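Pasting the structures here.
Paired with subunit B in one complex and with subunit C in the other, subunit A is shared by the two complexes that follow.
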Partner chain A sequence: MQLGTRKLLDRAFTALGFGSIAMMGLMLLVVLVPIVGNGIGAIVFRGTVEHRRMLYNEFHRGDAGRLKLELAESDAARSEVYGMLDRFEAEMAGMDAVRREEYRPKYEQVQGALRALLGPLPHDEAPALARLKYGQTRWDKAEERLHDLLFEKVWDYSNPDEMAKSYEVSRSAAFKGTSLVKLFPYVENNIDRLLQPRWTLYWGFITDSSIDAHFFGGVWPEIQGTLFLALGAMLFAFPLGVIAAVYFTEYARDGFLTSLLRSANSTLAGVPSIVFGLFGLTFFINTLKVSESKSVLAGSLTLALMILPTIIRSAEEAILAVPKTYKEASLGLGATKWHTIITVILPAALPGILTGGVISLGRAAGETAPIIFTAAVSVGSDIGLADVFSSPTQALSWNIYNLASEHEAAAEIRHVQYGMVLALISIVMLLNMTAIILRARISKKLKG
Partner chain B sequence: MNGEAQATEGRSPAFVVSPLRRSLQKATKTAGHSLLFLVAAFVAVIVLFIFFFVARDAVPFFQIKGFSEFFTDTRWYPADDPPVFGALAIIYGSLMVTAGSAVIAIPMGISAAICLSDVLPFSVRQYVKPVIEMLAAVPSVAFGFFALVIFAPMLQNYGGTLLMWAWWLIASPLLLLASLVLSEIAAARFPDEKRRKLMQRSLLALFGTASLGLLFVIGRNLQAIEIVTGTNALNVSIILGFMALPTIVSVAEDALQAVGRDMREGSYALGATRAETIVKIILPAASSGILAGVILGIMRALGETMVVWMASGNSSHIPDPWFNYLDSIRTLTATIAGDMGEADQVTGSARFHVLFAMGLLLLVISFISNFISERIVVRQRKVLSGQ
Partner chain C sequence: MTPSPEATSSPNRSAREFYLPPERRKVEGGGVPHVSAKNFSIYYGEFEAVKKVSADIPAKYVTAIIGPSGCGKSTFLRSINRMNDLLPNCHTTGSLMFDGQDVYGKFTDEVLLRKKIGMVFQKPNPFPKSIFDNIAYGPRLHGIRDKKTLDGIVEKSLRKAALWDEVCDRLDKNALGMSGGQQQRLCFARTLAVEPEILLLDEPTSALDPKATAKIEDLIQELRGSYTIMIVTHNMQQASRISDSTMFFYEGRLVEHASTAQLFTNPKDQMTEDYITGRFS
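What follows is the complex of A and B.
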């Protein structure tokens, strides 16, 4: 081949490498940016007066006097709307039966859309579910609901060969000639007065419990459960892992037994996470009966087994990275081997060991599969530290799955799901950043 | 020791240890040593326990149902009466997404590892490595959420266009390079330089037009594809591929680093370019280590639960045709996770035990591939250290 072509191929080869790395960075961005962007939306958003009413009623938070004023203004605007409804109902009562039956389903749709926007109508019975007690608490959702009120989605099935197409029809056209026709422009023009959107910083998303299957409130029980599980796993795995690492680095002689133990370690590292879940179910819960059914304890034990190989490996590396001279100096001064390990090697290796520990903690916090059968529930009461031996818990990772895939109104509470993913990713990434910074410091120190 | 102790006796009595205390010390030392060993052996015990307990709950299924239905039937109707536990489609689904993720992860992983070990200067590498670590640290459920909530609707709405762009992005540089190289190789037969150049240019024009045509025709066809559901094997394969990348990159990079400088320098001295050095010298020398990394990475894709559970569609059938990645599938891990809630744990029905049978299958596959990759690494280390 000519030199030029060879050089070109060389460049292309380099570009391929850069491209691959760029793709990884891009993937990280593509995953993180929408999650962070939308996740922040769970905490900072334009809350309507309904949000403040909900906070005051359910959590007893907020400025009562100001809320009263806002509600008074909102009610003044609403009474107009409700008056139009009453007038139209009276008008309907006076119509002949055929026309009335024609209007009834359309009118019910309007009522439904108004309920979704503003909460229960004046003549409604008090609803049992919290989600029905309030109108839209978020302005972005309220705008969608307003659109639903103004326009009706109609499906066009006329062409049997193609998928049905949808188009939108203005609802006010359906009520032409009746008194209700004035309602639509009124709501559209006065939506600010009706709902009074205001930028809200809702820290309660992190510190509150959830209400009515995460329609309102926050994710504190999940965060707490995640912390319980991860810290519990560390409690078991960290001491065991460090001790095993000390054995492997300082005591084990090269031989069949040691290599067997080492391959056991890497086998454990390769076991699929869902199999850990199966093992936790059949061993910790069904055989050892550490708890009656799912519990934080069983979940922590299962997670501990999963992160044990990582801790052993990183602790081993950290211990091996301690310069030999430290050890020799200590032994030369007459310290015993055990004394040397405790007072010289482990303190010197501690930052490295902690780095591995922190990364494992993040992994334990983020993992879902092992806790599905051993610890996680989708709804439950907030548990305290005393309950960890007997009760299951909510956990961020599990509830993200649950809300996104199994929740009855998954599309309605996307902001909560994003917020949860952001909370989980923040915990994990914070831990990993700590580890990365810690490691950079160590390598600087070791270089001198 | 004893002699030394006696020799120093006169000068510093502090070093003298009574026989009783000495034996006590020895006993503590042995006890401590064995305690350490026990803790280290704990891991091995756990591995044995995992195999034993998962197998213990898997065996009843095979006792009730035998092997043939599980491995050969594609019908998965665990709730019917009588139930049918054909896992073939599910096993196939697992293999399909694993293969798909391998196709994405292996070339990218290896080229990224090469770039890290041979191309990037140390100062840049320091900033790239954390990116890879962060990618490895993103919890699987977050990837699953991304796949389900963001990626799946995107595929469903703009699937054809996305496929077309991906094809253009990947294929156009490759085709361009291929036509360059091909035209040169084909023209090399002519000894006369003038004719050779002419020939090469005309061939390049020919190949270039052909590949442009290919680009547009296939791109047009891809754009015409309508993806019916975004939760399909393609979606999951892409996400799993990226999840497997960090493992492949880090293990492959270690293997590439283990090939010494002398080999590289020898090759450069003979006039080879960097690409030639890497492809012809370094990659063959590091191939076994890279293979080990690839196996570990792929195992991560096979054992991954949350992404496939959330975004694969969970429909238990073999896609039609069998390579249709735009169809929904179901995997072993997702079946275990999803069906456990309905399986009756108390009475120990076949429905409960079949999930353990699946777990055992996964466990055995992961054990074998781990064993192989470990052997490979050990052998490479021996070869490279010249033993």
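What follows is the complex of A and C.
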């Protein structure tokens, strides 16, 4: 080949390789930036006085003295608002029936918007659901609720050929000539006093349990569940996998049975995870009855089965990569095969084995399908280590799906969902980092 | 295991004495066959790599094994401590006796055998552990746990391998950080630490520079008389320098086995002569 052509080819190759790596990096950025940005929003945000009231009531945290002052300030403004409502109700009572019925639905909408913004109104019965006990805890959401209070969305169906259009009209226009008109500018101008937004660092998002299906509180049960499931899976899969790999590499003779086992292992690695989930349900729960119904144990076993082929294969590769001379040296000194495996081969293969293990651990932490039928619930009581044999658990992967698609108020708590995604990604990345560091340290020790 | 009467009063004792030049017959225990092969063949599957070899290896002497590449030197050497067992398709016929015990006998414990027959390989192969742990590996394996005893063994072995002065202040450093020559001497020390009776050396200097090679050769000279040493080498000078008797292999056959002085000065076989004079290799 001509020198020129060769150089051209080299350059083209370099460019192609560089390009594809750059594209991957870009894609990673496109995915990660919004996730990290929004996820951090679950921890760092402008919290209102309602947030602090909720924390104080539900988790008994916060500065009581300061909260009292804030509430006093807020209540002063609120009593103005509630006073206006009372005055308008009195005014309504004095109206003739037709006009009153005209105002009633509009007034109820205003009441609803105020409840969403500030929490229950003075004459309301004490609500049972936590989500109704408090007003907006987050300032970004509060601004939306304020908008809902000030403007009404009206749909225009006049043109049958087109989709209906919506436009917004000011609510105060609807109450023109009544005492309620003053309410809207008052709330708008005093919203800071009413809600007292402050920048908040809410670490509790990681360490608190959730209240009322993730309306308030954090995602600790999910994080804990994910860790339980993943570590539980490793507890079964890692020793079994390493033992199987030792068998394959050191004991198995090349024969029909061995190649059958090997191909079974490869096939298992390619089975879709949802199939593992179904298998876990029928085998571990229905047949073996390791637990009454879904449980951490059943989920861990299912995940263990799923990651077992990967662990076996990576351990096998790591063991095969150990120089044969180590084995010869050890056997030559009069060591038994078993002793050689334990003292020479496995330590030398450890970096590779651990890397495979931790990558599998990350995979177990992130998988959804295998735990749907075997371990995951969307809401449940917090569980401790003692409950893993009998209780199902929340888990990040499953709850992310649940919040995104099945939760009754998915749009309300988007930030929780992003926070969970961030937590999951952080856990997986942390695990992978641990693997890299561990590997580097052990390799360094081995190399001297 | 006590030697069986046949082994000690072997009928071809006179032939064995003949392997040794007169000035080297003083070593104590010399003349007793330590390893003796009879019609010993080694197969890789169907392929006969070593063909019907019969030979007696005298105890406490250095025996060199020479021959062109692929003639079965390593195969023969590795069969003596059954390292070939690692290969699933390798089997042997005929008999190979060590100290009157059948190496390939049904009840022979190959692990015990390897403790008595140590091996140093072509490429230095220290474990990725500290120098101390490398040497202590064998003794620990055989049940020595006491730190003082281990210290003593490590020092003694390193001194025997002429390595003590170079590494005594960094015993806890990883062995892979040493030079190739040092690593090879470490492997000697590691093998010596289990106090074997026989040392099998498969081209122990082929991966080393002349200076390191000279050190290893000195070491072999030091060990001569205390151990039965069998060394495979491609280096004629080395064989003639350090060995008492020499075996010449060609295409799996033992062509000639004689005292080194005789084999290099007055070979009986034309093929041997051609080989040592470098007419083929």
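In the analysis below, the second predicted complex is superposed on the first by the 411 of 448 C-alpha atoms of A that agree within 3 Å, B and C clash if a C-alpha of one lies under 4 Å from a C-alpha of the other, contacts with A are read in each partner's own complex, and residues count from 1 in each chain.
The rule is simple: contacts are C-beta pairs under 8 Å (C-beta built on N, C-alpha and C of every residue); 3 or more make two chains touch, one makes a residue touch a chain.
Computed from a prediction, not measured in an experiment: that's the story for all the values here.
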Which superposed partner A:151 touches (first subunit B, second subunit C, both, neither): neither
Of subunit B and subunit C, the chain that contacts the larger number of subunit A residues: B
Touched partner set for A:332, first subunit B, second subunit C, both or neither: second
Touching partner for A:186 - first (subunit B), second (subunit C), both, neither: neither
First (subunit B), second (subunit C), both or neither touched by A:56: neither
Which of subunit B and subunit C A:278 touches, first, second, both or neither: first
First, second, both or neither for A:343, with subunit B first and subunit C second: second
Subunit A residues within the subunit B interface of the complex: 1-2, 5-10, 12-21, 23-25, 27-28, 30-32, 34-35, 240, 243-244, 246-248, 251-252, 260-261, 263-279, 281-283, 286-287, 305, 308-309, 312, 338, 359, 362-363, 365-369, 372-373, 397-398, 400-401, 404-405, 414, 417, 421, 424-425, 428-429, 432, 436, 440
Touch list for subunit C against partner subunit A, complex: 81, 83, 86, 88, 111-116, 118-119, 121, 123, 125-128, 137-138, 141-142, 173-177, 187, 190-191, 194
Complex contacts: residues of subunit B adjacent to subunit A: 29, 32-33, 36-37, 39-44, 46-47, 49-50, 53-54, 56-57, 107-109, 111-112, 114-116, 119, 126, 128, 130-135, 137-146, 148-150, 173, 177, 180-181, 184-185, 242, 245, 249, 273-276, 278-279, 296, 299, 302-306, 309-310, 333, 336-337, 340, 345, 355-356, 359, 362-363, 366-367, 369-371, 374
Complex interface listing, subunit A residues touching subunit C: 253-254, 323, 325-336, 339, 343-344, 347-348, 445-448
